[in-house]
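Each of the two complexes below includes subunit A, the first together with subunit B, the second together with subunit C.
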Partner chain A sequence: MITLDARLRSNETTLAVVAVVGYTALVVTSGGSLLSGSAIETFFAYLAVPVLIGLAQLVALAVGQMNLSVGALGGFVACAGGVAMAQHGVPVWLAVPGALALGAFVGVLNGLLVVLTRINGFIVTLATMTILTGLQYELVGTTTVSDYSPVLRDLGRAAIFHIPVVFLVALAAAVVLAVFLRRAVPGRHLLASGGNPLAARLSGISNNRSIVVAHALSGLLIGVAAVVTLASAPGVNQSIGGDWLLASFAAPIIGGVALSGGAVSVSGTVLAAVIIRLVDVARAQFSLNPSWVNFVVGAVVLGTVVLTHRRGAA
Partner chain B sequence: MTLQVLRRSLADQRTGLVLLLVLLVVVFGSLIPTFFDDRFVVFPLLRDVATLTVVGLAQLAVLSIGHLNIAVGRMAAFGAMFMGLAYEQWHLPLYAGLVIGVAAGAAIGALTGLIITSSGVNSFVVTLAMDFALLGFVSLVYSELTTSAAFTTKPAGMQELRTFSLADVCVGPVCGTSAIPQLAIFAVLAMLAVGYLYSRARTGREMLMVGSNAVAAELSGIPVDRRIVGAHALSGGLAALAGFMLAVTSGSFTATIGSEFMLPSFLGPVLGGTLLTGGAVSIIGTFLGTSLTQVIRQGLTMLGASVQSLSISLGIILLAALSLDRVRQVISERKAVRR
Partner chain C sequence: MLIAQDLVKLFPGVRALDGASLRIEPGSVHALLGENGAGKSTLIKILTGVYRPDGGTLSVGGVEVHLDSPQAASRAGVGVVHQERNLVPEFSIGENIVLQRLPAKGGLLDRAAIRAEAKRCLDLLDLDLDPDRRVRGLPVSQLQLIEVAKALSMDSSVLLLDEPTTASTPSEVERLFEVIRKLRDNGTAVLFVSHKLEEVYELCDTVTVLRDGVSVLESTPLADLAKQDLISAMVGRAHSAVDLPARPAVTAEPVLELSAVSTAAGHRDISLSLRPGEILGLYGLVGAGRSELAKAVLGLSAITAGELRVRGKAVNIKDVRDALRGHRIGYVPEDRKEEGLFLDQPVTKNIAVAVWDRLRTRIGGVSAKSERALAETYVERLGIRLSSTDKLVGELSGGNQQKVSLAKWLAAETEILIIDEPTVGIDVRTKAAFHELIWQLATDGLAVLLITSDLVEMVTLADRIVVMRDFHVCGEVVNDHEYEPTSHRVMGLIHQDAE
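Let's turn to the complex of A and B:
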């Protein structure tokens, strides 16, 4: 257990060093313009959603499941929230909790489908992903919904000491999740089920309940990401969430989450999201083709995979 | 005896698929008068079925060893990119380009397999990362080498392959039907080759053993790592072939080829009874599963459903089919216990 903790911690130290060195390098090459208040605000504002969807995937991975419906659910919830506020006059204090509840509800459905049908979670969430993409399109069609709650909009742009509120929301979600997985009984059960389902069952833990809880939490976090999108994006349309799926896996994988379940690193996931954001900033700074981001992230993950193995073998 | 055969064939997932397929064709045929129009409905339908069956086979190849290939669409794009290069930059004939592209797909698949076997990390992560890398790489190459993000040079024979059907093949005075596209030949050949591999060839049987129990396979002297690399190479090669078929259909080689392959690649094999856990594959089932989803797609489109609302029904069908399968399994288990 100690060695495992040490290994995770060393992984996080590496990530932190990479993030700091990368950021410093970008500050130097940009001639210091990255240190201005507005640049810092933009940097963190675009970090909120990647952190949240990374965490949503992390919860599913923790119990040994995958959630392919991350992007589709996020897009669907964001569009549902936008349409409810703009076209049906739902007040913002009702729409935000409603969006969170909707996300969690679909998560519970995912979990129940996995538990009741015994179909592989991969296929279940692939199916719900397809359904939700269709529903999202049914909701908004080809239009962009943007004339909703100015209050939420202002909150999306608000910043405290140049740190955007939406990023603080994401950070708060990360802290709550870390405490839940470390201290709360259901959180420990969830990790136990992910690490060794048989041992967990023999210790009196319900694996089924762990799976449903994990999917519900995953859905809830996606709900938060959808609300953040509603607040900070210029509007919601059918393209929201389209590029979330790959990003949601990249952060936990680089962050050192065991994909077989049982071991997670919340801080590693957050740091990995920061690093991916740095790649994106570098891309913009040197005005490279956006495809470079995908290429570099893919290469980094493949490199991480191979290096982790080498370290494990040594 | 006959009763037993009947019962066994009723318990077979594929019989259900055939019955469902026939039922749907009859229903759509009676609702839509033009449903059997050979040139404008059946021909494109069969062309899509052929392409997506090959996509399904590409996924089936890795499912056989209990792995997944998330990068199946991007491997198709990677292979197609080499075909486009071969035609536009190297001025090669149609089939030489096809061979190069399929070899490129197989090579990237083999590389994926090597990374999996050398790191021991699960195939989902490795193919997902490969998907990222290829997504970036392929679009970079297109934006560097082309002006319109597409290789548009058509070698001799490509246009014919796109439009010709069996009506253009005549033996004496007898010609084939104009409903079956010539492009389907590639799918038939792929099915025969993959079918032979898994039912007759030693390599294929060993892949299935790796899929059902890798440890037991290792202990029985099967070169597990080589079979894993082989299955991924096969997957990449078949994906590239599917990329070729799609490019022939659409008329040009672009970076977006294969971006819609992920869902169909699982729909066909899974509906057809291929296990996700490895060890059992069904080639005919993959064809039937693909046909079923495409017939539903076509029928609903002709009834006026929007492209996006189709995905709702496809997702529900996937869940319903697999849930029913589970119910059937539970019932047969109970029967077995009672006996």
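Let's turn to the complex of A and C:
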């Protein structure tokens, strides 16, 4: 049984408290302007991509891998989708599933490369990251593609009770992923492979399959993030995805996901993404230098890792 | 019932098993004994489907089986508790127990079924544990009992326990034994692998002893055997020992003395002395605290009581650097690839690394010429066969690698050298050459503290053998280089409480 005490002391509770206190503080210092409908919409609209890429990294970390190609793959898929719709007349109902499939496909390639070559996932995804960045540039060059599917653009701006649809998509992805990792047999196999590969192998679980599944899911979630970007960004160009990599690691690490694999927290990752977003809002509100945001996020990531390490050693 | 008949397993250059047989009856506990390297682990791996045998047959419950995967073994009813911890820390006790076939309904885990099945297995062992509790943070002893429950979840008729008591306290061992007896009384055939003869006598009904991959005693009732018979079966006769000429008796004052030393690592009241020109052996079973003692001498774990004297003076060694620079004590670690060598660096750098300070030129760099000259001196002295000293150490054979790690310490002008398991994974011929080398170095005046689990090697090289057990010294044997009497005396000291 998980006692109330344990729940109160859990990482997720701490993060939730920090998020609520932080949001309240910003509401108070902004004189309440953060409570307006449009402010709430903006807040959550910009949260969708950080949540999705955090989850994409979480799945890779769950199995004991890393995915460095998060940003490059996201940028490539977004640009490919934009170019396909704007320049080749691909209809949106085909482009969206196509983008998701492309993300998952590259994820499978990442996984297969790791499994077949036995090369560290760090190196494999570093290589695919570089290749994908090149492909993204090849697709769009220095231009920005923006004249595609009005339907998708409208959906990107739509909101239900001031909660943007794109954020609901990210939240739905989080819920599905949480259920998959907690309740589905392949999800449990994935976590067993990450937590103790030897035990998993001796229990008849294929660690190779777990690695491929994890990378495929990671790619699929990046595909979702790319579609969200297509829908909500003013256009797609060569810079899309450029700043995703740090963010994709920051959320799961602050959220309590073990770098060594096997221990994940989907809710912690979502909450950490909220907190990082709050730092960004605070920056805008107090017109701080943007580089401070990176400084703060970097410091928090480092602090979290040190703390987890200490706790692990104790 | 499990019957293994004439199992053979070949590895490149070694016959790990060469006709191993055993027969485990239902409702009995069968002991598997053997020295390090006798083939116990290989046999266990074959019985659990990790290795496939190159010859021989296996049958479970009267049916011949081919176990080509761990799953095949568990389907055949062979459950195993491995030496390594095989639980997933973030999962619940229940999920760990049924991990081999997670029950699902409509693609999702069936939690109720997991709980029920786990409860059933835990009840078989009279274990009062909550199946929903997470495994992380549980004490080691409980982890082990959970692994037994996991092995039972597949309705195993045969249960293998691979050295289950290595890290347990006496009360934990007692609890485990209760569980094993209960399983035995319910008709399970249990195989108990252990180093500890007293446990074997307490628990087991029959015994198989492996030596050099052969069953020298096969499925014999334990009641018919005295401790001495088991030891004789385990150690056998030496057949690969090199005959080295006798060395003159050493009379010089000791260079290294430990008197009544206790350490933070857990050693109690250790006394020994080592003279120049002498090879002092440290023998004991795995976990007796030999390497840990070496590390305490090097300052890697604190000495909490007693005195460490080097060349007659009480000293307090701070770390490895201090041991080397201040006291000329070198350490050739057991795991040369992990701890001793830079595999992707050339031989020159590996030999010179400990003395770069001395080779430093006036402007602060290290002269490649003096490095090479130094390396060549020792390559020649130790007979390391190389095309060039620029060769990367990773490309050398195991024996030559070991020689390079020795050369490094000689180049550093050590006078006391601690050598830990020097010939693990080295072929017989290189081993013999290496033995001659250590012998020669000692004859030239080096003081050698030799740690080895290979009793033949020990009797070949050591002048005296200090026997350790559970982090204390249980006796000392003067080696007359006659394998049989010496090895019997050593094993007698280790197993003196058994019967």
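Here is the rule we go by: the second predicted complex is superposed on the first by the 299 of 314 C-alpha atoms of A that agree within 3 Å, B and C clash if a C-alpha of one lies under 4 Å from a C-alpha of the other, contacts with A are read in each partner's own complex, and residues count from 1 in each chain.
FYI, contacts are C-beta pairs under 8 Å (C-beta built on N, C-alpha and C of every residue); 3 or more make two chains touch, one makes a residue touch a chain.
Computed from a prediction, not measured in an experiment: that's the story for all the values here.
K.L.:
Figure out whether A:Asn294 sits in contact with subunit B (first) or subunit C (second), or with both, or with neither.
P.N.:
Only subunit B is touched by A:Asn294; subunit C is not.
K.L.:
With both complexes overlaid on chain A, does A:Leu191 touch subunit B (first), subunit C (second), both or neither?
P.N.:
A:Leu191 contacts subunit C only, not subunit B.
K.L.:
Going by the touch definition up top, name the partner, subunit B or subunit C, that contacts more of subunit A.
P.N.:
Counted on subunit A, the partner with more touching residues turns out to be B.
K.L.:
So in the superposed three-chain picture, is A:Ser203 touching just subunit B, just subunit C, both, or none of them (first/second/both/neither)?
P.N.:
second
K.L.:
Does subunit B (first) or subunit C (second) touch A:Ser33, or do both, or does neither?
P.N.:
A:Ser33 contacts neither subunit B nor subunit C.
K.L.:
Output check: A:Arg183 vs subunit B and subunit C. Expected answer is one of first, second, both, neither. What do you get?
P.N.:
The answer is second: A:Arg183 touches subunit C but not subunit B.
K.L.:
Report for A:Ala263: first if it touches subunit B alone, second if subunit C alone, otherwise both or neither.
P.N.:
The second partner, subunit C, only.
K.L.:
Spell out the residues on subunit A that touch subunit C in their complex, using ranges where they run on.
P.N.:
Residues of subunit A touching subunit C: 1, 179, 183-185, 188-189, 191-192, 195-196, 198-205, 262-263.
K.L.:
Which residues, counting only subunit C, touch subunit A once they are in their complex?
P.N.:
So the residues of subunit C in touch with subunit A come to 69-71, 74, 82, 84-91, 95-96, 99-102, 104, 107-109, 130, 132-133.
K.L.:
Okay, in this complex, where on subunit B does subunit A touch?
P.N.:
It is residues 68, 115, 118-122, 124-126, 128-137, 139-140, 143, 263, 266, 270, 276-277, 306, 308-316, 318-319, 322-323, 326 of subunit B that touch subunit A.
K.L.:
If you look only at subunit A, which of its residues touch subunit B in the complex?
P.N.:
My answer: residues 66, 113, 117-120, 122-124, 126-135, 137-138, 238, 246, 249-250, 253, 259-260, 289, 291-299, 301-302, 305-306, 308-309.
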